[in-house]
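You will see two complexes here that share chain A, one where it goes with chain B and one where it goes with chain C.
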Partner chain A sequence: MQFLVDTLLNAAMASAATALVSIGLALIFGVMRIENFAHGELYMVGAYVTWYVTAGLGLNYFAGLAGAVAVTALIGAFMEVALFRRLRSNPVGCLIVTVGVLLVLQTAMVWLFGINSTLLVDTPFPGVLKLGAVNLPWHRLFVIFAAIAVMGALSWLLRGTRFGWAIRAAAQDREAASLQGISIGRIAVYAIMLSAGLAGAAGSLMAPLVRISPFMGQPIIITAFIVVIMGGIGSIEGAIIASVVYSTFYTFVSAYIDSTIAIIAGLCIMLGVLIFMPSGLLGKAEKV
Partner chain B sequence: MTFAKALPVTSATLAIALAALIPTVFGDYYTSFCTEIAITVLMLSSYRIIVLTGEWSFAHVVLQGVGAYTAAILAKGYGWPFPLTLPAGALMAATVAAVLSYPLLRMKGFYFLMGSFGAAEAIRLLWRKIPFFGGTRGLSNIRPPYLDLAGIEIDFGDPGNFFYLTLAIVVCCLFLMWRIESARIGRIWRAVNQQDVLAQSVGIDSRSYRRLAFVVAAGFAGVAGVLLAYAFGSITPNRFNLNFALYLMIWSIVGGTRTFYGVVLGGIILLGFDEALRFAEELRPGVYGLLLIGVMLFCPQGLERIFVPLVERLRGPVSSASPDPSVTETQQ
Partner chain C sequence: MPRLKSRFTRRQALIAAGVTASAIAMPNIVRAADPKVRVGALLPLTGDLALWGVPGRNGADVWAARTNKAGGVKIDGKQHEVEVVAFDGAYVAEKTLEGARSFVDQEVAYTMVIGGDDWSAIQDFSNRNKLLTSTLYVTDLNPDSKYLLAPVEVHPLYFGCGAEYLRKVEPDVKTVALCAQDDLTGRVALAYWRAGFDAHGFEIVKDQYFDAATTDFAPVVSALLASKPQAVCLDTAYPSFALLLVEQLFLQGFKGRILHAGLELLPDMVKRTSVEYMEGAITFFPRFDDPNINKSAPGFPDPGGFYADVEKAFPGGWNNTTWEFAACLEVWKRSVEAANTTEPDALLASMKANPPAHMYGPAVWWGQDLFGINNALVGSWPIVVVKSGKVDIVELSNQASWYEKHRDLVVKRFREENLMPDQKK
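What follows is the complex of A and B.
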């Protein structure tokens, strides 16, 4: 019973973290048509910043969360202004530059904190919630609710505000949007800050639960790409649905069978989706 | 023969002659390193065949792995000699590529990139999982070839001898690739990349030609894999991971994919650079990252951008034999 509940909780938590990372990825693709390979590294930077602010500076966990979002959003803005903007006419160039950023961020963290760092972030919610025979760790519940809250806020931002309309308009048709007086350059900066901040938030939320290492971004970016492709590149709803489906499937298969088999099965599902629905599950859905 | 025509032949001969001196000039360590460079150059030039058709693939290193595993299993388990494992590895890699190409080449661009990654990673994880392939530890103790030609015995366990063997095979492969590329099929590959719709409208089935490129490239990658298995004496699934695939991509981009020698030069320069950075193993990826960003921003066609005008000037006025830059420029 406890094992099943643990697995379910882990699945929900993995879904939440994957969704936060992959909606950022879908958002940036929707608006700028860039596949950001460095997105997983922003997640990693988020975790490191949280550690630094809480353990290094001795501040509250929530200050760490805010710091993680701020730092990753700034890195995102820098990427857009210094790199992507200059390579606008060269989509493959953008993709390759994100690989460069990935390597630089990884190396920077190795250089600053070492390869085998044993960094621990204390959770603001220690202890477990006892419900009859099962135990639910508070922080895991917090991650799930925080992710849902962030996604709700994002949905309101995109659908209920002028800023959100501008982003969606830019994603749908860049030229028409700029004819309506929307500054594509400014929207691109905001969109990438939003996207990077989401990855940073996910890294910060997961920091107390996972081993922080310079290479922790790699598995999550691979999962996020699988999810984004399954959901249909650029579709945020698709990314969320695919996150839940894939993470639940993956967690259950790795808990009950084997984690390598879970990855292989996940990759085969992705290939299957690509073969039969080349634009993903919700590929034809409204972009962003 | 005009100077323009003689130049590639002369420079290639000179390069081969210089390369042949390596084992006598350097010690065993650097000779083995040069063997590695030769294998990587083969990998890069075969990768360029896919790039010619306008695609980037993550599966290429795993196809090299298919060649390596085939050779290792046949040599260790069934005692096949080197002259048989070499074509077997190439054939196996090409066959696997042909099978993979059916689902993968339904996609293009980024979807193809991710699809190739998915397929490659699935194969690599299977190697780790199945005991027949040696699991995570891979296969080791692959004996270097030993030749007995009517009394003349050559032991390729000696790094120098193995280097000559590798050099000979790599040069043959490069020559073959150069011939393929300058033949009609090479022009079709470029056409498929640059003007897909136009190419289709004149009756070229672009998907079959992209498939052909994928399979041919895999065959050469298989040869590189066989050489790799013998050069190191052991192979592990981790050797063919995403990082290696990324490096392959980085090397070809930094070198430049427009011309044949751009890739070759890029590979040699960057591997030398790699060796020079050995003292700072942990910082190496970051240096690569910065290099990649710099090249993309300031020299998007790669380092060959610097060499090409030089060679063109040496060649004099553009003859019909030399590639027209406006035609050969691969879309970035």
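What follows is the complex of A and C.
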């Protein structure tokens, strides 16, 4: 029973972190039609900024979280203004640029902080909540609640504000949105800042729980792409549902069988979904 | 402007040039007259494994400085100064091979590598050029690695003694759970641990590999603890993995003994758990400011003084590779002085005929059974236990005699993982 509860908690936390990263990826694809391979590196930068602000500058964890969101959002804005805008009519060029940004960010972190993967971020919520024989680490509960709060705020932003309507309009039909007076350029900047900030927030939330290294973005981006494809490319709701399905499945296979098998099994579940639902869980089929 | 008329004749100019050139060349001529022997640190000084390469080179530099101060290496009655030549192989095959080539050009007598991929890159080159090399990975040994030695650490042989020690201090512990990353280092080590636990009456209740790309270790630890183990063995999980595993053991309420190869990040483990939590954890790499180190390591001159010199030269840069590469050099120095030569074939023959002292005492050449070649120098090895947040040497164990006693169990467990020399083909 205890093992089941532990695994359910781990699955909930993995789902929360994966969803934060994946919805950013889905958002940027929906609005800008860009597959951002550097998204995992923005997650990595979020973790590094948190470490730097807490261990380097001696500020508290929440300053680190705010710093991570701010820095990654600014990197996102730079990517749109300096790189993607010039290549808007060239999707392959955009894709190559994201790989370039990925390498630059990795190398920058190696140059700035070294390869040392023993950087530690202290959690503001140490210890565990004891419920009978079950230990629930406070930071894991915090990650779950923080992710739910962020996703709730994002949902309100997208559905309850003019800014959100503009983003959704641009995602549905750029030309029509433009004819309605929506500045696609400005919306693209805001959307990528939002997307990058979500990745930064995820990196910051996970920093006290994982290894911080220049290459920590790679596993998460693979997972995020699996999730986005499974959920239906560009669908934020699909990304959230797929995050929960994939992460729960992955965590249970890891815990009950083996983590190497879990990676293969995760890919199989994605293929299974695509066989029966070629557009993903909530994706829309496009007529060609 | 009036032109200055030079009083310098052409002959005088030529003489002056000759004298200047001679003066510049003189120190080199003088230096060339000094007998010198070069050793090579072919290590990753940048990249992923610089964490091991840089402290290794620093340790070699300090060892060379101390050795030269004490008179250098005596060969055929003459004292030779030791010079450490370093090359950044970056753990990249092409760069490592380039380094090996440059070492041959510079007549380097002995090369040190971390082992694994960097040795694979130069094995053929080493055979063709008789590049006598030391590795920290005993698993690099194979019948074709003629000029490769594992002269210090014979990982995972000390694990058998670790299981024996656990039985001694915890007679009531019956069950143990094991885990390691799914790679060669993890598999070889876990196979040896299993043999150790078999030999000393432990029941292995959970035994699992985790993927090397794992970032969240909570599910791994939940699975270990679901089997209700009384001891948990983290095998040779890499330092950052081990840190997160220990933290999860703490958070998920495990209260028994923890065993791990190195506990390299013990200070961070203590910070994330507590001094009390880490008390009694068993590992195998001593600290060199341990009051017992000089007594425990008779094959290394003044280990405590060496540690102090390294800390002075490279504050905070101490690492296990710092002393392991220096210990490789010490074995080589003793062998060269015994053989009176640095010529690889003659030196190897002499070393094999008269095994040099190992860092932790007398030693024998070993390895034929598991690796197909007797190029590993096996002696005693310390068992260390965490006390008040630091590791203390508690005893020296005899790895070779443990292996001889439990050889069949080791072979059985190695065979299960397809690790025996005949299975590798």
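Note that the second predicted complex is superposed on the first by the 281 of 288 C-alpha atoms of A that agree within 3 Å, B and C clash if a C-alpha of one lies under 4 Å from a C-alpha of the other, contacts with A are read in each partner's own complex, and residues count from 1 in each chain.
Throughout what follows, a residue touches a chain if its C-beta (ideal position, glycine included) is under 8 Å from a C-beta of that chain, and two chains touch if they have at least 3 such contacts.
The shown structure was predicted, so the numbers you read here are calculated from the model rather than taken from an experiment.
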item	value
Which of chain B and chain C A:128 touches, first, second, both or neither	second
Touched partner set for A:92, first chain B, second chain C, both or neither	first
Contacts of A:226 with chain B and chain C, given as first, second, both or neither	first
Partner chain in contact with A:7 - chain B first, chain C second, else both or neither	second
Touching partner for A:184 - first (chain B), second (chain C), both, neither	neither
Which superposed partner A:107 touches (first chain B, second chain C, both, neither)	first
Partner chain in contact with A:277 - chain B first, chain C second, else both or neither	neither
Touching partner for A:63 - first (chain B), second (chain C), both, neither	neither
First (chain B), second (chain C), both or neither touched by A:260	both
Residues of chain A that lie at the interface with chain B and also at the interface with chain C	115, 218, 260, 263
Chain A to chain C touching residues, read off their complex	2-3, 6-7, 9-10, 13-14, 114-118, 120, 128, 135, 137, 140, 206, 209-211, 213, 216, 218-220, 251, 254-256, 258-260, 262-263
Interface residues, chain C side, partner chain A - complex	47-51, 182, 208-211, 213-216, 218-220, 222-223, 225-226, 239-241, 243-244, 251-253, 265, 268, 271-272
Contact footprint of chain B on chain A as seen in their complex	35, 83, 86-87, 90, 92-93, 95-97, 99-104, 106-108, 110-111, 115, 218, 222, 225-226, 229, 233, 260-261, 263-264, 267-268, 270-271, 274-275, 278
Of all residues in chain B, those that touch chain A in their complex	56, 103, 106-107, 110-111, 114-115, 117-119, 121-122, 125-126, 128-129, 242, 246, 249-250, 253, 282-293, 296-297, 300, 331-332
